[in-house]
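Just so it is clear, A, B and C label the chains in written order, and each chain counts residues from 1 on its own.
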Amino acid sequence: MPLWNVYYPEGAYTVEDKQEFAERITGIYTKYNLPAFYVSVMFHELPADTFYVGGEEASGYIRIWVDHIARRMPDEMSRWWMDQVNELIAPFTAERGHRWELHIDNTPMELWTIDGFYPPPADSDEEKRWARDNRPSHPVAT
Amino acid sequence: MPLWNVYYPEGAYTVEDKQEFAERITGIYTKYNLPAFYVSVMFHELPADTFYVGGEEASGYIRIWVDHIARRMPDEMSRWWMDQVNELIAPFTAERGHRWELHIDNTPMELWTIDGFYPPPADSDEEKRWARDNRPSHPVAT
Amino acid sequence: MPLWNVYYPEGAYTVEDKQEFAERITGIYTKYNLPAFYVSVMFHELPADTFYVGGEEASGYIRIWVDHIARRMPDEMSRWWMDQVNELIAPFTAERGHRWELHIDNTPMELWTIDGFYPPPADSDEEKRWARDNRPSHPVAT
């Protein structure tokens, strides 16, 4: 968690863009203390004849879908969150003249593992340790 | 909303097919007054050795997954809806001798923006205006 | 159901690997009497500059996301299930030195068809017939 899927028109992003975009996305989660390695970002380049919006070839359109797993956003915080995200990604969307659509789904924490480990509860000491180590590990006996 | 992902075997669809398929998909939503630009359709071509059904290379198989966001289908209407959809897409599935599987997920309306705007409530005057303009915009002060 | 999406680094899997991996995934469901043809597995090869974990190019990383439709796992069985799955896929993940993340979502059974048919209830006689035939069909009048 989260898994970001970024679909972009052929040629819209360079390798450097993708690197920086991925770092920005990661930053919005690490700011709230999520382990950096929780954040996966996949970029998918779409030729013009494979992406349609409103029945027409989508030109200059960025389509992003995200699965959130480790955190469940309370409804009343969703606008605060989405505004942050849209501002964060603006250098790769609005500021380049792209149109963009973004939606997030929530998926169950119980059906999620990393390297076979079950991620610890949100904001727990174990999660802080994972964040510090930037890798998953066995619970520490206390 | 909705986001359609259509996976098809290499060579099954031409550019013209994809264009017409996308228009058909869009039509089933605009028929119920959704703004056309809400409807995104992505086509993904899958070489034979990348798609397996029942542990065997899927041959002539169309696999579609959809995220619905703007509307939540009441359970008792789901068959009415799915039958419509399957009939609509028949020229690109059954009528060509393909097998096809289709499933739809619902994702939260609160975690969805287009060009940074929050889509207005279903069937609201604002949504009608978006549909008419075929683009998102700021709420009009009343 | 289920739909497995396996993202892997360029060159990590051969055609034979994908075939065997898909068979293994299928086996974990048919073991519990699901029809084999319910199990779809798609493999997506990701060049290094298209997949980032923690803001860095993901190297040797397998990312799997799954949609479950036909069965809803009770919360208390999720670890039993995930442990099985992780053990099953180990020859293609841990045992090759890959890191891997896996998450599963649940999607509504009502919004799912195969070849236009509505899959029968879990563990019903109809479902057993579908499993035996390894294809969907009209309900048999009784």
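Quick note on the criterion: a contact is a pair of C-beta atoms (placed from the backbone, for glycine too) under 8 Å apart; a residue touches a chain by one contact, two chains touch by 3 or more.
The structure displayed is predicted, hence computed values, not measured ones.
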(message) Thinking of each chain as a vertex joined to the chains it touches, would you call that graph a line, ring, star, complete, or other?
(response) complete
(message) Same or different interface residues for chain A and chain B, judged by whether over half of the residue numbers are used by both?
(response) different
(request) Could you grab the centroid distance between chain A and chain B? Build each centroid from C-alpha atoms only and quote it in angstrom. (result) 22
(message) Going by the contact rule already set, what residues in chain B reach two or more other chains?
(response) 105
(message) Residue numbers of chain A touching chain C in their complex, please.
(response) 1, 3, 15, 18-19, 22-23, 25-27, 35-45, 67, 69, 105, 107-108, 110-116, 118, 134
(message) Please output the residues of chain C touching chain A within their complex, sorted ascending.
(response) 7, 46, 49-58, 63, 65, 68, 73, 75, 78-79, 81-82, 86, 94, 99-106
